[in-house]
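Working notes, structure below.
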Amino acid sequence: MKLFRPTIIVSAHCDLPCGVYDPAQARIEAESVKAICDKYQANTDPEFRTRALIIKEQRSELVKHHLWVLWTDYFKAPHFEKYPNLHQLFNEATKLAGAGGSKGQADSAVAEQLLSKIDEIAKIFWETKQA
Amino acid sequence: MKLFRPTIIVSAHCDLPCGVYDPAQARIEAESVKAICDKYQANTDPEFRTRALIIKEQRSELVKHHLWVLWTDYFKAPHFEKYPNLHQLFNEATKLAGAGGSKGQADSAVAEQLLSKIDEIAKIFWETKQA
Amino acid sequence: MKLFRPTIIVSAHCDLPCGVYDPAQARIEAESVKAICDKYQANTDPEFRTRALIIKEQRSELVKHHLWVLWTDYFKAPHFEKYPNLHQLFNEATKLAGAGGSKGQADSAVAEQLLSKIDEIAKIFWETKQA
Amino acid sequence: MKLFRPTIIVSAHCDLPCGVYDPAQARIEAESVKAICDKYQANTDPEFRTRALIIKEQRSELVKHHLWVLWTDYFKAPHFEKYPNLHQLFNEATKLAGAGGSKGQADSAVAEQLLSKIDEIAKIFWETKQA
Amino acid sequence: MKLFRPTIIVSAHCDLPCGVYDPAQARIEAESVKAICDKYQANTDPEFRTRALIIKEQRSELVKHHLWVLWTDYFKAPHFEKYPNLHQLFNEATKLAGAGGSKGQADSAVAEQLLSKIDEIAKIFWETKQA
Amino acid sequence: MKLFRPTIIVSAHCDLPCGVYDPAQARIEAESVKAICDKYQANTDPEFRTRALIIKEQRSELVKHHLWVLWTDYFKAPHFEKYPNLHQLFNEATKLAGAGGSKGQADSAVAEQLLSKIDEIAKIFWETKQA
């Protein structure tokens, strides 16, 4: 954990469009999913576990939503030409937040895979911002 | 705009709690609010303006929500003792995203004030993470 | 239970603002939370208990939301000067509807504490309406 | 406006069911709708008016939702036998919060009709509580 | 399952109104509820079952919502005169998607009853479209 | 308009997964978007137009959501191999429901394009069901 986190340019999304996008929104929710998996595995109390599953379902859905917004609203045809695997990357990332991924399993390793996939997308995102 | 943005530790919130919090979530939406105000002032098309007001209402609500979560769920009694103005800061920040602030006015200067207030909160947040 | 309940002035909230606020909205959801806790303790059927936790999570969130709205949108600087503990009261009340309170525990006693805290807020609310 | 409002038994709804219902939830939102109509008619600023229409749409939807919950979840077959016009009353009340009513018109008189219809329902509701 | 499904005129709802309505929206969610019940009964894994209950709760709520919209927004006074049992049909159908029906029970037979009731409504709906 | 519409097998989606999917959900909302555009162009009343824009924004978002679910949750790697343009088709369709499409313009021709694109997807969907 960084001792002090500088104010950074963060970004959002909407369909005006405001023009502000940031993969951090998806990553934030995926971090939450991973922390929930960790806590789930460490705690066998049935009430806690039920609550963890309820919340993990919501956070995973938010991951999917934030990724879908980037895929549809931020990335344009030239990006998909330059990064031919970008469609597949997003499709795999959103699947990793669904039934076959972090929704279906309370498994920290799956959440890690989701985080890695989001980081791959973020890398491309920030490259396109450079361009 | 930074040329390349490194992957950073971002954080989220939920009421498990997952333990992940980050003022970036509020800031992201406030950046969006400001961009919407800028575009609103630069475009007099009535359809565009109506859409801008619809979306600004939603984004401002998200700012309020993310701030409320930090205020209630992240900050604890010892923090409020150490930072006696913290309650007021959050109250002012959330008001700045409401009817008397960015909801009620499509004014970039108001959105800037909201961003500054969020940055004051973020500074305290990251100091408490250090402690 | 009253035999006949007269039509009373009830009130709401929004960010126009419409000017209508009422602590009853938070109390209604907290009453629901308490009833859910009571039923949870009296029924060990696992399907019922899972459903109770799902719904208690939602109702607790609504309690938080309605309280946040009052704190940010109804109460103004002069109120906070006159009632110096008002910030803390709201902070404690919303925490009581969160992970450390009625979300984290299916405990009728916790729900009772939440109701009492809301009643303290309601008392102040109606005093300010008098003023 | 009453000088002091006593704590009253308020009630909610959910599908556990928690067993707590109260027509106040619908009335609260309808009061808000009426206040919005009043303010709309008194203010010709286009930004204000657009915001009023956005919020009136949401509040009217909440009226419909709270009424639907009462109609489906609180009232049972014997109630509908005893009050043969109850179905029609709910149907008219929810229509009054829709396109042909408070959604479609920013008209305080329409909002008053909606409030009256809700009061008719509330009267029956509290009679059934007596029974 | 049909081998190829032709593009058909489907319909939606909103409160403009757009004029597009279709009982298929309720049926789609009820089909989902039934499939969830089937899977629930066939799988005793506690994580799966908790997830099934979470999702069944949401899908059942959507069934209720889509039916309520038809009842309030599509059907008019002359329809209720022509089909005197229409109010009761909708009331029973929405109850079948609530606590006493598909929310309260993970029972495929209950979901089947819900589907049948929706089909009764759909039959009347399409008859009124003919008229 | 068909005189009588037979009960058909409709389908839904969720992330259990229930296994029920149907492009009709996206099409239903797109039909609504088109009807809203038609009515918007035929009616210059400012209140009506504002309401139309509010609702068109919501319906367009639902189109995007239903398409995203199909793209991520229904279609699997073998489908994307067999239909190499499927990623692009979904990306274009969701863009057509966004700022550059039916959200940004109250234009019936744009809504028609959206409907056509959804029909292209539906054709592939039903082919894969055949397989």
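For clarity, chains are labelled A, B, C, D, E and F in written order, and residue numbers in each chain start from 1.
Methods note: a residue touches a chain if its C-beta (ideal position, glycine included) is under 8 Å from a C-beta of that chain, and two chains touch if they have at least 3 such contacts.
All values reported here derive from a predicted model rather than from experimental measurement.
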Exercise. Mind listing the chains that sit against subunit A and also against subunit F?
Key: B, E
Self-check item: Joint neighbours of subunit E and subunit B, given as chain labels
Solution: A, C, D, F
Self-check item: Interface numbering overlap (same over half, different under half) for subunit D and subunit E
Solution: same
Practice problem: Fit subunit B onto subunit D over the CA trace and report the rotation angle, somewhere between 0 and 180 degrees, nearest 5. | Solution: 120
Quiz item: Roughly how many whole angstrom separate the Cα centroids of subunit E and subunit F?
Solution: 20
Practice problem: Mind checking the centre-to-centre distance between subunit A and subunit D? Centres are C-alpha means, answer in whole Å. | Solution: 39
Exercise. Go ahead and note the Å separation of the Cα centroids belonging to subunit B and subunit C.
Key: 24
Quiz prompt | Inter-centroid spacing, subunit C versus subunit A (mean Cα positions, whole Å) | solution = 33
Quiz prompt | Sequence positions of subunit E contacting 2 or more other chains | solution = 15-16, 50-51, 54-55, 57, 103-104
Quiz item: Connecting every touching chain pair, does the picture come out as line, ring, star, complete or other?
Solution: other
Quiz prompt | subunit A - residues contacting subunit B, complex | solution = 1-5, 7-16, 18-20, 22, 24-25, 27-29, 31-32, 35-36, 39, 51-52, 55, 58-59, 119, 122-123, 126-127, 129-130
Practice problem: Could you please specify the touching residues of subunit D with respect to subunit F in the complex? | Solution: 49-50, 53-54, 57, 103-106
Exercise. Name, in rising order, each residue of subunit B that touches subunit C in their complex.
Key: 15-17, 57, 60-61, 64, 68, 71-73, 75, 80, 87-88, 91, 94-95, 98-99, 103-104
Quiz prompt | subunit C to subunit E touching residues, read off their complex | solution = 47, 50-51, 54-55
